[in-house]
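Listed below are the structures to be examined.
Common to both upcoming complexes is subunit A, partnered first by subunit B, then by subunit C.
Here is the complex of A and B:
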């Protein structure tokens, strides 16, 4: 055993897979220690907040202020509202209005703004202009309001008695706050989803759930497959015939069809994560059975098995002591693959709406389903689905790598 | 060698010329399938979000046509192929004449409604639309018990052709000699198509009077009076073609033909497929719930707009509502009902589930009215202001429950009544994504006020059999739609929300699914249709709102448009918009007065 482990950890493939898998596992275990929010808590009012650091606007006004004279500040401020696209658009409008092209210098912000303020009329819609374009100019105009104003912004508070606004604070253009000193800052490395939930917290929790689903599905499938394979292979005869009859039957029916039918008939209210995992397990044991049976048949007439029989050992003793150790390497590898395919099966089911019931626990499949329902892929909200895909890919990649690595350890013929 | 080539060529040329001459003798036959396969883009208006699956039929008597582009009767009837005497405009609540000439008139007793038909009105086969057609349509609906016939039989006595052009709709009378419901009578003339008598007789002959066969006939030969006729349909698309002889180009109606030659609807696999097509400019007008629709112009900078430029983007008209099952333990207690309704965070429902495509309850405070100006003017806002709640009021809800003596007696974190924990399920059909998201937020509110609420999303096929059964005890809090805008609303909606007539009935598709009973509201429901005095009407509606907000038999979760409306100006422009001053509702350019939009469309660049 020690030797096998030693060998395994000398296989670069196994080690790579193992490290990735452990990293994922560590994330699942340790992340909740630092971020204690419920993974399904709705924190955002609105959908798909992009990834970033969210700073409370209200609290920034209370944070200590620093004055910094940054030469690039004004350029950045104007550039954020008035990029190349906006400048081109303004020129287009002004030309349509009848200003000669030569008189428009789009690089000179002050001149451009003067022209714009002098001539722009939101009611004008030129020949060939769509109303969508007309609205674009109206929005652009609104966003330029006060762009070149250099006076400070004043924060006013209503007087509780008169209701009149009274200035309480003025904010200079050179005022800065240190993010560390703002009372409320929330980092959303992966933004929020359609429910306004923190994607990363949810993703970590979903990976945990999906790993559990994979583990349960893999265990169930491997146990069933192993038991049936051992019985069919070792006992043989009628038992073999009956088991192989059912195995072949299930081989002929595609697993995904069975999975869909069973999931559907269970009904959504009963589909917890564990139930779905068990369903996945009981529909994916056939290949394990066939492979185990084939190996057992080749083992059962070996000398040490016959010796054991002559010694009067029971069937169970023979199976566990004389046969199982010889096929254990295969079983472990099959188990690893079953985990991986269990996770993929859950994702597939959930996308069809047949996975675990929603918003009970997050799973990778459910996250993708909701991202799809709210058209995240069409609206380019990549953070709502891409990290999920990467997580699924990494999990199955690491498990498959470990499997391949072990294969090379156990099977000398495959060694490079 | 050269010579032989020349010979072959000359024979070929002769054959081609001969064939050409033959073809010239006959008028060129158009194969609709071929044309439909590659419709000229600049003559076609493409839809999405109306038609799912292939068309079953064109029979306006059938309620099983699955033909959303051409056949849909009701408050905002789709009038591109068949037409109604009047067109309802949900913006101002008025009925505008279409086949009818001028406004209708009531007799003094409000028992008979009379209108005349336009002289120009013709069927697509060139014959005139007569009063006899209108009368025969009604008789046929009654005779064959169509869904229209069953719906109006209790309110409309008869439709009579006075002369060739004049039609009188006679109301059913109650014991006092008044019309049972004048609202339904006046709605009849904008809800229902006029169907050609000659074609109806052909159909009757074909089915030999068999009512079931009559309603099941696909009616491929149906003749309409509208601007479009069936052109082509298969399992990928439906295409209507303009009738260039359409009577409406007469000065007495539109004075011109609608702009697009073809109306086409590609049948998309799902919402996302339709959304992608809209984004790509393959769809001109989309009746889909497209989440975060504003990103299309704010982020992607596409020439796409909605009716309003800012949230809620559309004209909302219906009130998706969660009903309390009054048979569920504890939900017969008004404090529990009101506490749950007060604690729900509606702003999050609207911002997240609806992606802001609904006004908030601060903008349009809750009542029995939809957000349209016409309905909002029908109740006294100040009188019910104290009863309205905007939601997310956990403190208020907890206090309400504490004051009612409903507290957690056994320390399990949930409140009890007589030692029994308050525990409910909140239910809506699976796959109705924005409703599911809303129901999740309802459930979250329960946690905050010590009432256990779990979500449950059964399949629609199951859901519809349970919630329509007035004796069901499976669903505690469940979502149902509401009436939108129409000539009979808000009366119809008040009735739908609270009428005792529906309480405890089975096969109930009408309303009051929670089983609420209140004799006073029944009196109000009976009185409103008979009331013509505006002040009295406001008084009645205000009282109905008071009762609704006091007893909380159900609570509205959001507002929702009758029809979603997003347009792409890649090909066509001048779609109806709130700012254009044309008073055309955003109703697909096809429903009720929304059809007027077809006459303003122009091509981009023209």
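Here is the complex of A and C:
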């Protein structure tokens, strides 16, 4: 055993996989120590907030203010409202209106704005212009309101007696606050999902749940597969025939069909994460059974096993002392693969709507399902689905690398 | 041909047995639900229904459909009789459309999407795997990690990534459906072109997934064969490299064909989920909407059709294998 571990840690593939897996595990274990929010807590009112640092607008007005003269400030201010796309759109409208192209310089903000202010009319709709486009121009025009007016803004507070607004504070164009001094700042490295839940917190919790699902599914599948494989291989005869009949049967019938039928029969209310994991395990033991049986058959007539039989050892002693140690490597490899296929199976089931019930815990599959239902992929909200795919791929990639590494340790022919 | 009879006979019998087992599972699994399955389904379907007679009607409809009032063996005969007549019941989410009608309109989309994609992916994967084994250095170093990583993407993952890159970012290809939403199926050029364009993203995402796994398997097999004694012996005899490689790849291919027969079920499962990402009008999307609509007859029928498809494909591959594997041919001529 020690020797095998030693060998395994000299395989670069195994080590790479192991390091990635441990990093993921460390994230799952340590992240909740720093962020203690409930992973399903809804913090955002609205869907798909993009990743970034969210600063409370109210608190910035109360934070200490600093004056800074930055030469690029004005350019940035205009650029944020008037990007290249907007400038192109304005030119398009002006050309349609009848201004010669040569007269429009979209790089000169002041000139462009003068032209726009002089001619733009929201009621005009040119031939071929959709009403969506017309509304777009109206919105653009509204957002440009006061763009070039560089006046301070005034914050007003209603007087409790008269109800009239009274200026309380004037915000200069050169006023700045330090983010560290604003009372409420929330960093959302992966934004929020369709319900307004913090994606990163949810993702970390989902990785944890999915790993547990994989672990339970893998354990169930390996235990069933190991028992059946040992029985089929060691006892042989009729037992072998019956077990192999069912093994072949469940190899031929696609696992997803069984998963769908059983999950649906259990019903949404009764499907917790553990139930789903057990169902996945119960439907995916065939490969382990096959591998274990093949190994046991090649072992059962070896000298040391025969010797053990002659010495009158019980069948359990023979299996545990003389057979299991020899097939342990295959069982471990099969177990590793079962974990990763269990995680994938949960994801697939959840996307179809047959995963764990949605109110309990987040899983990678459920996150994927909601992102798909809310069309995050079509709307290009990458943060709602891409990190989930990467997480699934990384988990199964690391497990498979470990498996390949072990395979090379046990099968010298495959070594480079 | 006569000699093959035993091999094909055995395969045919096994095909029949699995077929019967598939029908039985489809029959038994929903009946294993604790309690009265009809009551459970009725309660689920009639959620929010206030009319007591309506609920009663639904209950009777289901009790009739399953024949739960009769003993098990009679139920099974009733069920098989309905199956043979092609009567799969009536859909609940698309009432009063018969389930067989829904299946008929979606099954060909799935068949013509998945099987070509799996075969193309299998061929490309084997080619790459063989190349990696033969060229070893350099190529191997690049191809292998990439294949391993790609094969670890779930099918829906590659589907989404392709969709976002080619459908959303580059706007080259449509993102959902089997044909343009403004078209009615007909034999015009415009419709066929639309189907072709909509076919690309689902097709390539399935191909991409099957390539990786096949390449890894083929590489291991080819390396194993390249080190076999017969290769060394053939080299001693001075047989040309190209001819040896021909033998090696033929031998390495055989387990890959068996592997395809064994894993086609898993691949179809993944591809079904990928279908739902593209809202492709196949069986995957049918299951998706059936689950949404709590449409039990439709779920049951769709899973049955998928099983039949996979069993049939496996059977076809095994028949093909019989013709290709020289050992089976040799076993026949000996007799």
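One rule holds for everything that comes next: the second predicted complex is superposed on the first by the 405 of 416 C-alpha atoms of A that agree within 3 Å, B and C clash if a C-alpha of one lies under 4 Å from a C-alpha of the other, contacts with A are read in each partner's own complex, and residues count from 1 in each chain.
As a convention for this text, a residue touches a chain if its C-beta (ideal position, glycine included) is under 8 Å from a C-beta of that chain, and two chains touch if they have at least 3 such contacts.
Because the structure is a prediction, the values reported are computed rather than measured.
Visitor: Overlay done on subunit A, so just call it for subunit B and subunit C: clash or fit.
Guide: By the criteria stated at the top, subunit C and subunit B clash after superposition.
Visitor: Pick one for A:308: touches subunit B only (first), subunit C only (second), both, or neither.
Guide: Neither subunit B nor subunit C is touched by A:308.
Visitor: Is A:227 contacted by the first partner subunit B, the second partner subunit C, both or neither?
Guide: A:227 contacts neither subunit B nor subunit C.
Visitor: With both complexes overlaid on chain A, does A:353 touch subunit B (first), subunit C (second), both or neither?
Guide: Both partners.
Visitor: For A:48, select first, second, both or neither according to whether it touches subunit B, subunit C, the two together, or no partner.
Guide: first
Visitor: Kindly classify A:194 by the partners it touches after superposition: subunit B alone (first), subunit C alone (second), both, or neither?
Guide: The answer is first: A:194 touches subunit B but not subunit C.
Visitor: Looking at A:378, would you say it contacts subunit B, subunit C, both, or neither? Reply first, second, both or neither.
Guide: both
Visitor: Based on the superposed arrangement, let me know which partner A:135 touches: subunit B (first), subunit C (second), both, or neither?
Guide: In the superposed model, A:135 contacts subunit B only, not subunit C.
Visitor: Where does A:396 make contact in the superposed view: on subunit B (first), on subunit C (second), on both, or on neither?
Guide: second
Visitor: Among the partners subunit B and subunit C, which is in contact with a greater number of residues of subunit A?
Guide: Tallying touched residues of subunit A, the top partner is C.
Visitor: By the touch definition above, which subunit A residues appear in both interfaces, subunit B in one complex and subunit C in the other?
Guide: Residues 267, 353, 372, 377-378, 380, which sit in both footprints.
Visitor: Would you pull the subunit C residues touching subunit A in the complex into a rising list?
Guide: Answer in residue numbers: 14, 17-18, 21-22, 25-26, 29-30, 32-33, 37, 40, 44, 136, 140, 148-149, 151-157, 160-161, 163-164, 167-169, 175-176, 216, 220, 223-224, 227, 262, 265-266, 268-270, 272-273, 276-277, 284, 287-288, 291-292, 296, 299-300, 303, 306-307, 310-311, 314.
Visitor: Using the touch definition up top, name the residues of subunit A that touch subunit C in the complex.
Guide: Residues in contact with subunit C: 248-249, 251-258, 260-262, 264-267, 340, 344, 347-348, 351-354, 368, 372, 377-378, 380, 382, 385-386, 389, 392-393, 396-397, 400-401, 404, 413-414, 416.
Visitor: Can you name the residues of subunit B that touch subunit A in the complex?
Guide: 271-272, 275-276, 279, 290-292, 295, 297-305, 309, 347-348, 351-352, 355-356, 430-431, 433, 436-437, 440-441, 444, 455-459, 569, 573-575, 577, 604-606
Visitor: What does subunit A use to touch subunit B in their complex?
Guide: Of all residues in subunit A, those touching subunit B are 42, 44-48, 128, 130-133, 135-136, 138-139, 194-196, 267-269, 353, 357-359, 370, 372-375, 377-380.
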